[in-house]
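Chain lettering (A, B, C and D) follows the sequence in which the chains are written, and residue indices restart at 1 in each chain.
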């Protein structure tokens, strides 16, 4: 709890406009140890009573220099590191990285590998959204959804564990395809999971969607317009909830996404409630994609021909995928050696977090919590 | 129930009330003063109870201690305490102070000496069991008009407060 | 930041002159196990890029794809407006514009206002210490209307300034701060250019090639964290 | 001394110990009630964790004792042994006294809680007024705790809670008044504020006040039920201690024993306000349908309930004992659980004794009703998200308060409908004749 910090200077309001009633402004330091900042985010709030006049995010507590590490590892060796950025959606991170390097190498993963990738990535999206829902609801004060979502997420993690042996930081994919063939009964497990989780999503909605308190806490809270979303580079469900129907899976399909039939759910108001609805709908769409992928998974190899020592030609590439949080991009520069010359990660959480100030101004302290939750940030990805 | 140790409790409560009353004006920290004031008010409630006026005692607790003093504390916590602690606490106007004290003392002494004559029928007291009902009866019969006037005054005060606090109506 | 030269014109003498510290920290005590194995000397990785700078990949490998000239209405328009300062190329199906540093705020403004590149995906930089103009600064842009990505690249030298894009895309705020934090690139006109991921008092810019992988600001660690060894 | 005891056992004495003028029995009652409430808080702690856990598909405490039954004791030991930290810059005296004030306020309330017509410490003439007044003192403790901690989160928590409690007291008071109004509808025409008197009034009027003037009584009860959750700072009105916003609100800086006093105060306050609600609207200590299903046969039938409850608990415990894993590691736990069941069964048997049975009836029903309320509290916590502060104020001032005033006025009108009718009739008649 610091009373004043030099870094909040830009939050100062016009001194001449203050009356003696406004004099008692409070600088509240939220985090880095705070139950609702989803990790080690520090937010310096400038309050008038409970109203937020402005805020500043202080990040970097989890900075591990992932981009620097990449320059000193071979392409293959760096692959597991990306899982540690957005650790709740490790599979998506791996997919983005593998596809970016594949593009740089000018190879393509075989169709079967692409299907497996889609299945696992979409499962991961469901898991990530479930974790988001649980923690977001907990922030708003509803304890129970957390346990429900964790129970159901467990089934996804079990599938991951059976597939590749890891639950969280899966390292499921390799450059050029997949390392592992699906295990015996994989398709059965996935189908079972779909029929298991679909009614559970209804259950979450039953608890929250029409709950008066939930609606009051989320409607018209943290509203951001589509224009502001684009200006601030906000992507993912936050952008879609503001009414922009944009999903990289549709706009610039990667992996096998062009083969599936799914909707891009959007909202209208861009408030916390719409973002909640969009994510709930996204979970259902993900299940649809998984169902189609499992039904149509082709036979064939799962690994493209890749030499053991990867030396991509000199050049640079930017490739992005639709991670659960938004656009996850990798900008890779190759100097022709076995190690990337530069890897730049475009983290969705980092960019989305930037809009927090805009979304919270004029709201109450309790709304800051709701907005941090609804942005669905993972500090591992923000700080890298 | 017969009262127990009445004299003892009377002096205990009065002593506490005076002591905490002194604390109210001598504490530098306004929060401490407010707490001492709460103690004073609670002692007064106890004295009312001893006068067989449980209703007044209950209202004293609800209104003064539970309501008004909480709002007092509320306000005190919001003002700048550091500044108020540096300010000089006592007003140095000795002459008017002594005069006022003497006048008040004279008043007390007069009442103590001539008290019996000033108050008519001092033996009247409401039985404890029916005190509340009696108060209610009185308020809604003999003292209906003053009661309503008081409520009107409070209404005016409420509206005035809202008008003053709200920048735009 | 040691460099406070205001004139952008004189290119530095070449080679890393600032923040030149030994890649292996000397203060490492033998007892404390280093989390990272002794790194590949940065020089090994840094030797090649000088020759292999993307704009003119001279020794193109036989199998590898080569950047080809990108022709489009957009390019034609920009070339017509800015002349030789703009070079448009395509590599692996991804378009990029190699532009002169002096064109920077204008070309970005035009891309947003007239060409609907309304979404700034990323602002970042790449360090080529052997090059005369050491840094590539990149803007990755996307247009919702055209569903098209384009990269704008420019080269700046150590100590040179570059106009900030915050007024064009607010999202550039943190991204530029990160580029400043990691590379020490000065964005002029940025509302609050300070470190974002590293602590405020940190010395050095870690993503520069001359910053070793296990190097860190030992003085900062000793002062702020109270760790004697500084690791 | 023997006189006191024999007097108590004399069934003809139909007043509380306080009224009877027996300091000894009053003291015994005070000790029993306070000890009982503390025990109830301890049980409540375990039950809340268990019930909430089962609502949330988890097990809750399972390690300390069979099914975590000894967890509250372990918690208590831990809390007592923990270091008691007073933050630097805190106002030490206020910091020290704040939890005491909360406890003092909450436990004072129990002096007038009527567990039965004779099972109360005393019967005050202003019982309900006293309860409301004293329970409102708890807010002082919260404000002091928040201020004395010299930290922002507790201060905001304290400001929130004082605003919240003061606001909801208004709606609460209006709901209470409408119930008190109903007590005056008996033959004598005078109402009462005495807690015991209110229950007697419900008996005399052959109706629990929740069903009186349906739905007016129900609405008043609803207002009170909402306000009492807000008064006790429980979910969904737990803003003063909203952990996701204010870490722990006013008791952020408290630790160890002092913190546990806050918890004790909170749970004791929950029981206290629940007992107000029960006394005012749910017939207090009366068993269900005391008038409809009256007569010795029904009395006898209902008198088995306390024993049956304990037999049921014993049965559940024995069932769990049988389901314990057959492993040497669990032997002690299994035996312990069995012993627990045996104690329950023994209590059940004792409750079957005629003398005890008659004495315990009213207490049993009162506690049974409290248990229902406690379950509701836990249920709310498992279901509802938390209100935001402005919404909380909106609910208090814009919904509950107008509702309370409306109910109060309607109750008055309905209560005096015959008089009003006569008055109107008379007025109309005179008007016509003039």
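Keep this in mind: a contact is a pair of C-beta atoms (placed from the backbone, for glycine too) under 8 Å apart; a residue touches a chain by one contact, two chains touch by 3 or more.
This structure is a prediction, so every number in the text was calculated from the model and none was measured.
Novice: By C-alpha centroids, what is the most central chain here?
Specialist: Given all protein C-alpha atoms shown, the central chain works out to be A.
Novice: Measuring between mean CA coordinates, which chain is farthest from chain A?
Specialist: Ranked by distance of C-alpha centres from chain A, the top chain is B.
Novice: Calculate how many whole Å lie between the centre of chain A and the centre of chain D, each centre taken as the average of the chain's C-alpha atoms.
Specialist: From the centre of chain A to the centre of chain D is 45 Å.
Novice: What is the distance, in whole Å, between the centres of chain B and chain C, each centre taken as the mean of its C-alpha atoms?
Specialist: One centre to the other, that is 73 Å.
Novice: Take the average of all CA coordinates in chain B, do the same for chain D, and state the distance between these two points in whole angstrom.
Specialist: 31
Novice: How many angstrom lie between the CA centroids of chain A and chain B, rounded to a whole number?
Specialist: The computed centroid separation for chain A versus chain B comes out at 61 Å.
Novice: On chain B, where are the residues touching two or more other chains?
Specialist: 78
Novice: Please give the residue numbers of chain A that touch chain D in the complex, ascending.
Specialist: 1, 26, 28-29, 34-36, 50, 137-144, 146-148, 151, 207-208, 211, 213-214, 216-217, 364-367, 369
Novice: Taking the complex as given, what residues does chain C use to touch chain A?
Specialist: On the chain C side, the touching residues are 36, 39-40, 45, 48-49, 52, 54, 57, 60-61, 63-65, 67, 91-92, 94, 118-122, 124, 126-127, 138, 140, 144, 147, 149, 151, 169-171, 173-175, 178, 182, 191-192, 194-200, 206-207, 209, 211, 213.
Novice: Can you name the residues of chain B that touch chain D in the complex?
Specialist: Within the complex, chain B contacts chain D at residues 1-2, 4, 29, 31-32, 35, 38, 54-55, 57-59, 61-62, 65-67, 69-71, 73-74, 77-78, 128-133.
Novice: Would you tell me which residues of chain A are touching chain C in their complex?
Specialist: Within the complex, chain A touches chain C at residues 7, 10, 59-60, 63, 65, 67-69, 71-72, 103-104, 106, 230-234, 244, 246, 251-252, 313-318, 320, 327, 329, 331, 333, 335-337, 339, 341-342, 344, 346, 350-351, 353-354, 383-384.
Novice: Inside the complex, what are the residues of chain D that reach chain A?
Specialist: Going through chain D, the ones touching chain A are 52, 55-58, 151-153, 156, 235-236, 238-239, 242-245, 247, 381-391.
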